[in-house]
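Chains here go by letter, A, B, C, D and E, matching the order in which they are written, and residues are numbered from 1 within each.
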Amino acid sequence: MKTQKPRRYGMVIDLDRCTGCGACMTACAAENNVAPGHAKATPRTGLTPMLVQRVSNGGAGADRREVFIPVTCMHCEHETPCVTVCPQQAVELDKATGIVNQMPQRCLGCRYCMTACAYHARYFNWWDPEWPVGMERTLNPGVAVRMRGVVEKCNFCHGRLHEAEDKAAAAGKAEIDPADYRPACVEACATQAIVFGDLNDPASDVRKASRHEDSFRLLARLGTEPKVYYRSKQEWVRGLAERGQQEVRRG
Amino acid sequence: MFPGVDGFHWTFAHVIFLAIFFAVGMTIVATTVLAIWRAHRDVKTRRVEQLRWHAEFEDLPPAERTCRHELAGRVEHRTCPHAFACGTCPEYSKYAALPTDAPEYAFGMDYPPNRLYHRGHSWVREDEDGLVTVGLDDLASRLVGKPDAVVLPEKGQWLEANGTGWRLRKNGCEMRVMAPIAGEVVETGSPAEGWYLKLRVPPEMRQWRHLLRGGEVPGWLMRELERLQLQLSPEGSAPSLADGGMLVDGLMDQMPKADWDNVMGGTFLQS
Amino acid sequence: MIRGLCFFLIGVAAIQVAGWVGLPKALYVTKAQPFEYRHKTHAEKSGSAECDGCHTLGADGVFAGLPKTESCAACHTEPQGKSAAEATLVSSYVKTEKETPWLVYARQPANVRFSHAIHTKRAKLACERCHGKHGESDTLRPYQENRISGYSRDIWGRSISRWKRVANEGMKMDDCEGCHKQQGFDTGCLSCHR
Amino acid sequence: MKPTRRDVLALGGGAVASVFFTPIPWKLLDDASIWTQNWSWIPQPVKGPVEWKESACALCPASCGLRVKMAGGYAVGLSGKDGALCALGYGAHQMNWHPQRLTVVRHNGQPSTWAAAEAAFQKACAEGPVAIVDGRPGRGASQVYRQFAEKTPGALYAVIRTPEEEALRPVAAIAGVPVERLGYDLENTKLVLSLSAPLLEGWGGPQRVQRLWPAMQIIQAEAELSRTGTCAARRVQIKPGSEAMLAMALAHALLDEKLATGPRPAMSLAEAAALAGVELDEVKGLARTLAAQRPSVVISARPEPAVAALNVLLGAVGAEGGIVARNGAPAPAKSMDELPGTLRAALLDSTVPWDRRPAGAQEVFRFAAWRGGDEQGWMLPAPGFLEEATDNPATGARAEALLKPPAGVKTTVAFLGGELPAAQPVESAIVPLTCKLAAWPSAAPNGQDGRTAAWTAAWTPAVLAPLATKLHQESKLMPAGGGRRQA
Amino acid sequence: MASSTLIDRRFIARGVERTGTARFAMWLAPWVLLLGVGLYAAYLCLYYGLNQTNMDNRFAFGLWIFLDLSIIALGAGAFFTGFLVYLIKMKELKAVLNSAVVLGFICYSGAMLVLAIDVGQPARAWFTFWHPNTHSMLTEVTFCISCYLVVLSLEYIPMLLKNRKLRQAPSFLAFEHQLHMLVPVLAAVGTLLSFFHQGSLGGLYGVLRGRPFAFREGFSIWPSTFFLFILSAIAVGPSFLALTTRLVEKVTGKALIPDSVYQRLGLISGLLLAFYVAAKSIDTLVWLNVTSPAVGFAPWEHYSYGQFGIWLMAAEIGLFGLVPAGLLLWPKTRASRGWLMTAAALACCGVLLNRFILTVQTLALPTLAFDEFMTYTPNWQEVATFGLVVAYGVILYSLSYRYLPLFPQEKELAGEVIEEGTHVSGR
């Protein structure tokens, strides 16, 4: 993409709009050919590149508030923890798109990147993917099935970026039409809580949303420059950005 | 790690890192290759025999490294630091001048004075026809008795001093008798004839200062008999061999239960 | 000593033969195509020698790859000629509406995304650049598959050492990257893998 | 000369020393790691060009529009046409290969044949009253069922009411209009007061309210914090089961503040507010907001006459953005629960939820695409997802079948020997509705316990991922080898 | 067959007493059994995949990585002794050098063994060499540990070839002699490699910007844990060496090294331990007051979860750092064999605790605001693989002790008193 100027894809998730329906999680799993959980799988060994976490403000009865926080890879830009620690360059911050892209074919499963990620956004294939007989016919051709023993993560459904690029090339255009490239979770959100786009493009609404005064980023002070922003009008939700601001109960 | 490998982006850090790695790799390979080449050269130039002798000498317990002058009684106590290489021993002349008070008997064993004896129980005798005869001394042949098999070097083979002379096998115990002197094998004998080899030794190499002669032999034999008593006595009991008794012939057959491997190791100076 | 040396040399010679001659033979297994297909006769008969007549590239950039049975059925509902291959086509595929299980020479592994749209439309590469004279072939050369990796032999290329390769033979990652470097494209993993 | 050990060693040494100058080690190393990327037991996606087709999802009455990604004749991806699908929708194309898929007729848990089933059904029709239960009235298939019911003596046609329809029954009673014709015009509503209704958890179709929610404001009055309560703009804590009392309190407040005219409920404002557990001024504030941000509507999970009356007071009934009536609704029909006590047999369509059956039916013929739950009576394999033509009851649009059903599967229409009529598009328009409240309705018992649980799409972290199925949502069934359902 | 008859007499060097072959076999039997169980567990993990273990997406590192770090830290005695003997010319440590090299070889090969099982795709292990990422500490660890394992095996081969039977082959004898002459070069290379990878093992955690509990500032690209790991490794190496040699003396009932060597090892270990404790304390203070608060993690927060309380830090620096350092530095306690061994054991436990904290506690602690503190317990497959390495080590060491001349001064010390009052007749 010598001709295109570099893009920095990012997301803004409006937490006040997330109803925790889980459509984004199912869509993400279907798009990326994630196998049904193994019989012995637990939420700690499942493959959930997009994971909606249910968090409460610790109150009880009337003043108890809850919020659903979809946590995915933040595609950090500055000293991306997983990119700097991978011993064989199986992860790469793509210069053209800003997507932190994991290469399961080169990953040898040492899992060092999983300890490096502050957002626990990396998942290990503890089992070989197994579908009931015949169900492999429903696998999404745009995405390669991973094998056991490798780490995988959200890569902003770059299979759809490929489809958008093919479409643009067939139409003779140099750059893709932003509307063509929307990750599965963005498309699956009924309340349009997730805004996705190129942070470099001043006109994009993801850029405006990320500049909104009640938008925040999780653990921004760690200095890894995450590219997924969150928004909420509720003060206590914005308090979840940093650790130790207040006593918070999970679940 | 090699340039041009698919998808390999060379950065400055890679250059340093891989430079160090290749340097370390080269050092290791060079060291190994050097060691292999030198080892190959040693085997080629037959220097390995000296190496073996020096390695064996290090493993000898201190008691078996007594200097010849102590055997001859010229000096109170001295262990040899030079692997019995008296030829090159700097203090040889100093000690040789001292008076000896060694006894003149050989414990009833046949040690004719006209022969010179190597610490590994082989003897050397210069013959008139310029050849040198080499054989197994009386103590060792009494111990071994009639060997089951004898492996002699071929004619024309060059033997190194302290190198491998010939091999004996008896009751499953492998013995390697060391060649007392360096020389070329002319003829090979057999235990029946009382000698094993006839060597041709070039005149400039006829310097056998390291061989025991005369007064040193009895002292040496006394120590050897003491060692035999200690090693042949069964577990933990006091030495039972009466002092001054004659060493009976074919001891290996008489005492099959003894730890002959250890005994023969000590007799022929191998670890 | 000489005896040891000559045995050593025999060992060296044996392994060289095994490596350069034996390995290629043992590594690849030859599989037969479902039936014979002549590009040349089809080009002459259909009058258009253009590849994208049958291997269509959709408007939305989706490459159709090998034509489906129904596009063969357009002419071959009944056998046109007397050839055995056409008989197999008609009997076992057109009639039963099954897709022909072609063994694709240039099949890239599942994790590779090769965009025909970008390479043919934007980069304006000719099909021969990667597929060679396959368009004018009048016989299907034997399909050879690597026993271990399952890749077609065309990916590694005909010669085991990949020395003096023709442009269109061998499509390993190095080859793609070499061409991209020539064109000045800086390729991240993202652009070719999925 | 016989080769000695030394010769063999030399031979081996030569080979080993120069093996690195042959491609053997390098090619095998390269291929070995490629092998780990192409293990034969890892399934590969279908090969073949991708094309997009359009259809409708038949998992629930919402009938969301679908764009189906097809490759090699199989559905390989789903996405919504005019908006997002629900959590179940995105994995629906995988349900056809669910290990519990039913492809063989079963009778009381034992495999049987279509012929035996048809014979049993003919016998049942001859012997006594048979009920045809339709889970989704207003489709082409529904007409076939109605004609069959008229044609066969003693046959009855019954439908399954969705909880939303049940909740509108009191309004139908007041307005004197059949409940099938009533519906909510949420597209234009600005404010919704929900009394324990799971609006954002699948009420009225999984994604319907969620799509509209950003444009409207929800006030949730409930006893226990639900997901809707979490996301609602404002949440009012009430005592469990006191929805009706709150409605009466609000009615009093509206009348006191002259924001509405009409009869007063019997219970006083103070008493109703106390029973509901809400402060007086909060009730007044709620009433004022309801009146200020019209068009507003009050939705309760269960049929509450008090709530219906409140809506009428508010003027929400018949007004834009409130409860409206439409033409082209399916003809009224008895609900399955109102069927006579003793039935010789009941034929249940595949759209009837798997755990519902008429109370008195001696023999049940149930069409289902998936096994699950009780195996009593006849289980007849029905076409699965996208395997049969379905109509959208609201618009009458027909979505053709995109996938080939497996062998041994028959549609209910074919079983009854009928023909699926051509699609009749229904141009449903809102019909004006006027409704006066004569007297405050007596506090009739609030009907059987609402089926809200059915529509609470329990939130499932996606350890289960794409196998979330309609079956799974309602049944305790674990797909074979499927993941654990984690509350 | 009496327990003392030696069937394998021809393999054992002359003048050295070893137990009877039968008795030796009885000593090895339990370890071989443990080896078998470990191999079965390893087979399960390799064949069925890592779902056989209790590790999960939060605890990507578990018992095995803790084992790797610990045995490589304890195996530091090998390179450090080599460094002292050949480069600092501390000749008296030659008595224990061979044993150190064998221990080092066991530790490094054991670590590589466990890594081969712990990695999800072992067939691709060479990718790290083919596409090295020089920013990653793990690349550096992989390169250096494999190189150093080669160096260790090159140092192990001369000992192997000193075996009485092998020495009879002339080429082996010559090669052993020549390699022995070049060992100082290998020792130097080994020292360079080891300083790097001991540091990089520490750097593994120091660079984790995403884990404030482990993240440390440092000097240019190396976090402070890089230097602390080197320091703690070379401090504990000699202690572990003294400990194991003492253990071997107890098991075999023979005096193997003179007391002066124990004293020397104790002194070196004590000095370095003291220096390590000082450096560690400074680093912890800087981390608690500067580095951690800067990214929004209050100091007390790291120690307010589950059983990971302040006592852990106190134990690591105080009980297992300061106390052994004091015991080893004070001549009176160093002189008494009992105290020397307790101090050495405490020092070793200190390093194990440090490695455990950095591996397991880092992952247990929450990072996001809504994270929860999680725990992890290894299951039998993991523990059996742990046992596999221990059994492999004991077996290899026993065989080396029996057939190879590990302790050159063993002959002179034969018959010397190893316990107060018991004269040993040599079993």
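Note that a residue touches a chain if its C-beta (ideal position, glycine included) is under 8 Å from a C-beta of that chain, and two chains touch if they have at least 3 such contacts.
Please read all numbers here as calculations on a predicted model, not as lab measurements.
Any chain bridging subunit B and subunit E, meaning touching each of them, is missing here; the list is empty.
In this assembly, the chain whose C-alpha centre lies farthest from subunit C is B.
More contacting C-beta pairs link the chains of C-D than the other of the two pairs C-D and D-E. Distance between Cα centroids is largest for the pairing of subunit A with B.
Relative to the centroid of all protein Cα atoms, the closest per-chain Cα centroid is that of A. A separation of 36 Å divides the Cα centre of subunit A from that of subunit C.
Subunit D has its Cα centroid 97 Å from the Cα centroid of subunit B. Mean C-alpha position of subunit A lies 40 Å from that of subunit E.
Per-chain Cα centroids separate subunit A from subunit B by 77 Å.
Among the residues of subunit C, those touching two or more other chains are numbered 58, 62-63, 110-111, 189. Counting partner chains per residue, subunit A shows two or more touched chains at residues 38, 42, 46, 89, 105, 128, 142-143, 145, 147, 149. Those residues of subunit E in touch with two or more other chains are numbered 121, 124, 127, 130-132, 135, 139.
Here subunit E touches subunit D in the complex through residues 121, 123-124, 126-127, going by the rule given at the top. The touching residues of subunit C, counted against subunit D in their complex, run 3-5, 7-12, 14-16, 18-20, 23, 27, 58, 62-65, 68, 99, 109-111, 146, 148-151, 160-161.
The part of subunit D that touches subunit A in the complex is made up of residues 36-37, 39, 41-48, 50, 69, 71-72, 74-80, 83-91, 93-94, 96-99, 200-201, 206-207, 210-211, 213-214, 225, 227-228, 230-231, 237, 457, 459-468, 479-484, 486.
In the complex of the two chains, the subunit E residues touching subunit B come out as 4, 9-10, 13-15, 129-132, 134-135, 139-140, 143, 147, 150-151, 154, 162, 164, 167, 170-171, 173-175, 177-179, 181-182, 185-186, 189, 192-193, 411-412, 425. Against subunit A, in their complex, subunit C makes its touches with residues 57-63, 110-111, 113, 115, 117-118, 121-122, 183-186, 188-191, 193-194.
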